[in-house]
Amino acid sequence: MLLHLSTWSEVEVYLKQSQGIILPIGSTEQHGPTGLIGTDAICAEAIARGVGDAVNAMVAPTINVGMALHHTGFPGTISLRPSTMILVIKDYISCLVKAGFTKFLFINGHGGNIATLKAAFAETYAHLADLNIPNADLVQCQIGNWFMCSSVYKLAKELYGHEEGSHATPSEVALTQYIYPEAIKQAALSAEVGSGHKIYGAADFRKRYPDGRMGSNPALATPEHGKQFYDLAVKELSNGYLEFLNTD
Amino acid sequence: MLLHLSTWSEVEVYLKQSQGIILPIGSTEQHGPTGLIGTDAICAEAIARGVGDAVNAMVAPTINVGMALHHTGFPGTISLRPSTMILVIKDYISCLVKAGFTKFLFINGHGGNIATLKAAFAETYAHLADLNIPNADLVQCQIGNWFMCSSVYKLAKELYGHEEGSHATPSEVALTQYIYPEAIKQAALSAEVGSGHKIYGAADFRKRYPDGRMGSNPALATPEHGKQFYDLAVKELSNGYLEFLNTD
Amino acid sequence: MLLHLSTWSEVEVYLKQSQGIILPIGSTEQHGPTGLIGTDAICAEAIARGVGDAVNAMVAPTINVGMALHHTGFPGTISLRPSTMILVIKDYISCLVKAGFTKFLFINGHGGNIATLKAAFAETYAHLADLNIPNADLVQCQIGNWFMCSSVYKLAKELYGHEEGSHATPSEVALTQYIYPEAIKQAALSAEVGSGHKIYGAADFRKRYPDGRMGSNPALATPEHGKQFYDLAVKELSNGYLEFLNTD
Amino acid sequence: MLLHLSTWSEVEVYLKQSQGIILPIGSTEQHGPTGLIGTDAICAEAIARGVGDAVNAMVAPTINVGMALHHTGFPGTISLRPSTMILVIKDYISCLVKAGFTKFLFINGHGGNIATLKAAFAETYAHLADLNIPNADLVQCQIGNWFMCSSVYKLAKELYGHEEGSHATPSEVALTQYIYPEAIKQAALSAEVGSGHKIYGAADFRKRYPDGRMGSNPALATPEHGKQFYDLAVKELSNGYLEFLNTD
Amino acid sequence: MLLHLSTWSEVEVYLKQSQGIILPIGSTEQHGPTGLIGTDAICAEAIARGVGDAVNAMVAPTINVGMALHHTGFPGTISLRPSTMILVIKDYISCLVKAGFTKFLFINGHGGNIATLKAAFAETYAHLADLNIPNADLVQCQIGNWFMCSSVYKLAKELYGHEEGSHATPSEVALTQYIYPEAIKQAALSAEVGSGHKIYGAADFRKRYPDGRMGSNPALATPEHGKQFYDLAVKELSNGYLEFLNTD
Amino acid sequence: MLLHLSTWSEVEVYLKQSQGIILPIGSTEQHGPTGLIGTDAICAEAIARGVGDAVNAMVAPTINVGMALHHTGFPGTISLRPSTMILVIKDYISCLVKAGFTKFLFINGHGGNIATLKAAFAETYAHLADLNIPNADLVQCQIGNWFMCSSVYKLAKELYGHEEGSHATPSEVALTQYIYPEAIKQAALSAEVGSGHKIYGAADFRKRYPDGRMGSNPALATPEHGKQFYDLAVKELSNGYLEFLNTD
């Protein structure tokens, strides 16, 4: 069930049988010369909807913009500051908890969101406890990073080896090619690619990773690979969601 | 051009010919017994993309959640607090300004966003001026409310008269039916509908508007009407965008 | 009754018979070559006190500084940022709600305050609901813009036509002349006056409106006009306040 | 010169000869059974204007509401939280510094404001330094507490001895009687009065100081005393302002 | 008892007999050519532990960094902004109040902390009242400034006269010499020393006080003096703590 | 070099040869029936000083309180909210960057700090870029978690196997025993210990981990083990620091 295509009465009915909800969260950030700026949101959304279908769970609208400050040296990137993102996540969860939801799975497409999401969860648990909401103590938030699913990771290594890299990866590009075949991009990729540097500020990032890729060769991506990644991620995260729901 | 389906290099090229960008903003809130919770985001997104196509403008990812605190008494509603939303808008615009954008048209699907958007614009202009960014003084933000387009308003009055109401209106429901015909909802609507009350807090709102509608009869909506509204809004807002771009 | 000239025991007695309070809010901002920097606060305060006398309502101290960031290019302007003003309004209302007040009429002298006030009201309703205060659900806030009273607007059009303009207007200048005849200013006004531009940042504003006026000819103002505006606004807002009190 | 009765052009002229400004700051808080809720703002405003006249200085609009959280157990009290007040002061000073002011004398009527004002000054100096404003390093803020003027203090001790107390004092009540003779209040004062307790939260304060007075006997106040206090405070603070201006 | 050397079970036992806690707070800031950057934290910590031993009170970990923005022109200084420090203090106290503590004595080594601490206490009392915590109304916070103990002050005047000065004083340097004899510093001190200037921003401070001292001659300090100051401060603050605990 | 035992002139000299600084950060939180509340700060501080000695680096005062909201169900725990901690870290780093430091190694004793630290670094890089500070682009922050050093981890597994657990571990307890042999605690440990549950809010945590341990058996700890862990961590983190310094 997609929250945005439901009515409030349908949500009311849903809440009688489940208090779980899936929230896709991505990022709007450069993904190299051939990767889509929306890659992380596109992947998270598609997989979250696949999971929602598979396990009959409510899926919230996608959070399209996340924490991508280090990519802001490239045009088209939009980022929340972590302090803003914490407030956003707190507002989202607080509204949904008051309505009766207690189990939150954020299906995430962007590694840069993880730290701030975790910080936001801690902030939110404490906030809800302060509000004296009856079900505050039952609230549980988890992150499901599709790109860190073991099956996904394994396939990526098989297909691409070290050319998977860590940003603008062929696996995520493949997934977007599968979802948006009409938006497959062609651009020359330099043989040389920045790799292995730590991430600091935006100007520093652009200097170290001049075309935005981090050690990856997205030219290896195909839509067919994308379908494989999609299927694996949906399966693994569906199992994860059910286990989450069934654990007190 | 859709930002999320572009690469950063394409954005770089775009910025050489235009500094304008369209940002669809909606809300995730109850829309009565038959209206979709995502109505405002769905409408804003569809129209923004229509405008983007018509005028060859960059369209940012949709801001799906806005200021809907007064609807939070109904399950499924998600809202930012105004103070959070100001930070979100400030973060969005600041990133884009640093990349070179200066003209921001927010195509808006939700009346409740307007005040906070205006506050956010003022906050952001002052913030950018403080940053000593070269093009800070050129930054201009406007709101284009599709439902307040004169052509849209006129048609709604013709088709529905006073049954247009002011929330969960047949016009917006019609538009979502046109966009998502597979999600047309059936539910009994009481003949009586709350109307004419001012908007205060969430509990008060639900008491005054028990099924979420504000004076509207969304049963009058048809997908064909939706197409008409879509065409009118795209046309009028496309003209508005071009005028905005061409005014210094 | 003026709150600042009352004792707390008098407020306690007042609260037994009424939970309403009037809060004048203005701005401290340039008003062209002949308009007083305090114009908006002066007008709001005088009218609020007139209304308070007419309807026997408590009147809070005037909020002298509002949201006038776009005027800060002119010396003497003081503005809160919208995010600050939201906190200020939230603090004011929260204190008064805890004491028993529930009906808040902000008599406003400055168009630039409206958006932020509305955002602040939404923020405050949600905050009060979180606090579990017994009467939180009864709290209602309204804005009464004296310059948008239909009687005021009609007279301004009669007296000044399009020379009323939209900032540093002859109507507001007339009102300050009536209240402070000793502070009537003389200065040459250029025949040409900026007009019709949208409002963005402060530097942009000053460039478009070099002497601060927006399409107005304040030289038309007289203290006698001011008295007429005062009488009309007090009458209309008094009726508005009583209707507000009498509506649940 | 009163800022609110000046035009921006007059401020521009003023700034050529002086960069100093006086900001009256009070509080809106209970002052015992016979003291006015606006006492602290009334006193600060009157004295600030007296000083402004005496030394030909610009006087800003009065900040009517300050930090009075400990008085919020009594109806009619309005308080900013310290974190809000810091932002307010920062916004005020930042606007005025950008216009050219550098010397800020806050004439203060409320002991409870002092700590937060000092915190706000520190916050503001650092903020201005971050903004790279040319005259940031010249900005100087001082507090002039009229009730701590040595001449005022001496007279209060002479007239009232220990019955001066520390809140709702006869000296401040006398000053309001001089300024607003029409608002002199009569109410029985219990012989017993809370005294000597430290100040913690609002509920605790009301328990220890049940009628709001802190060790004072405001029944001793007369308008004639008020005039004496006024004259002394204006004289002493005028000297203080001139010394402030003349010290680099 | 030192909190950091206790277990939670020991704290649980302690809370059955006492709800008091001592929190040492210092600063990390320049203290002239021979004073340690940690002087204020070192002194506060040592004295707090001495008091804790003397009165069998729980002592929290030292807050090493406080409000020292005016010293940030000298390398090595670290400061919180006042707005940050208010949040820190609020977080500390809120955690401890929820666990059962109600009496908080901040033993303070830095004058610059006082205003912000007071602001933070007010902010915190109001926050706790909003949370509906049972013992919120019993929460009491006090500041014990070791350098303002009358016995300390008297000895400093006896030993150093006006050469005590007001920052990087021989008394505080002596105390650090007593605590860390291995860190006694030698450096030439200019005969001339800045003195009597008010404190504004950091750049201004460094200009007026070029070596960081404020009117002091720390060359007079000896470790033996330090022991005397230590003993006096521990004794006086121990009495103060017991009186605090025994007052309701 | 310990910052708190240095003078500002010594820091000035240090900065000519190195721009690196080590910041120990711990937590003040329950560590089971026998673990010290200050465990994480104690370990971080000791190791940081060991590293500082080994590599001749400046060591800042310890941040004793971190992000431990999930432990606040146990008395004695003190936690910053993540949003507060972000501001604290931002303030620390900003002060030090302005003084000339650019390489920040946070030696961390608490897993719960990691996410918020990472968020804070991102927030800070963006903040510094906005300030137009010359060396903003050179600023680099890293976290060195002593308990995640591979040599430490290996030894812990060898000595304790799965009884190492993940909180109140024998390895960290051993380290505190080595540092504070006088504070070795004795308490009965139930054979059963909570294990394998995810971390959500504080009340939930205490329910799942009733004595505070997470799968650990701290009874295995000895001071001799502690020395081994200390030596390994100092060695490994010293190498890490030097590598950090030597990488541009």
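We call the chains A, B, C, D, E and F, going by the order they appear; numbering starts again at 1 in every chain.
Here is the rule we use: contacts are C-beta pairs under 8 Å (C-beta built on N, C-alpha and C of every residue); 3 or more make two chains touch, one makes a residue touch a chain.
Keep in mind the model is a prediction, meaning the values are calculated, not measured.
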{"item": "Listed pair (D-E, C-D or A-B) duplicating the A-F contact set, over half by residue number", "value": "D-E"}
{"item": "Centroid-based (C-alpha) most distant chain relative to subunit C", "value": "F"}
{"item": "Distance from the mean Cα position of subunit C to that of subunit A, given in whole angstrom", "value": "46"}
{"item": "Whole-Å gap separating subunit E and subunit F, where each centre is the average of the chain's CA atoms", "value": "24"}
{"item": "Distance between the centres, which are taken as Cα means, of subunit C and subunit B, whole angstrom", "value": "29"}
{"item": "Contacts with 2+ other chains: residues of subunit E", "value": "72, 81, 83, 87, 132"}
{"item": "Interface residues, subunit F side, partner subunit A - complex", "value": "67, 69-70, 72, 81-83, 86-87, 112, 114-123, 125-126, 128-129, 136-142, 198, 200-204"}
{"item": "Interfacial residue positions of subunit E with respect to subunit F in the complex", "value": "2-12, 15, 28, 30-38, 41-42, 60-65, 72, 74-81, 83-84, 87-88, 91-92, 95-96, 98-100, 180, 183, 185, 187, 212"}
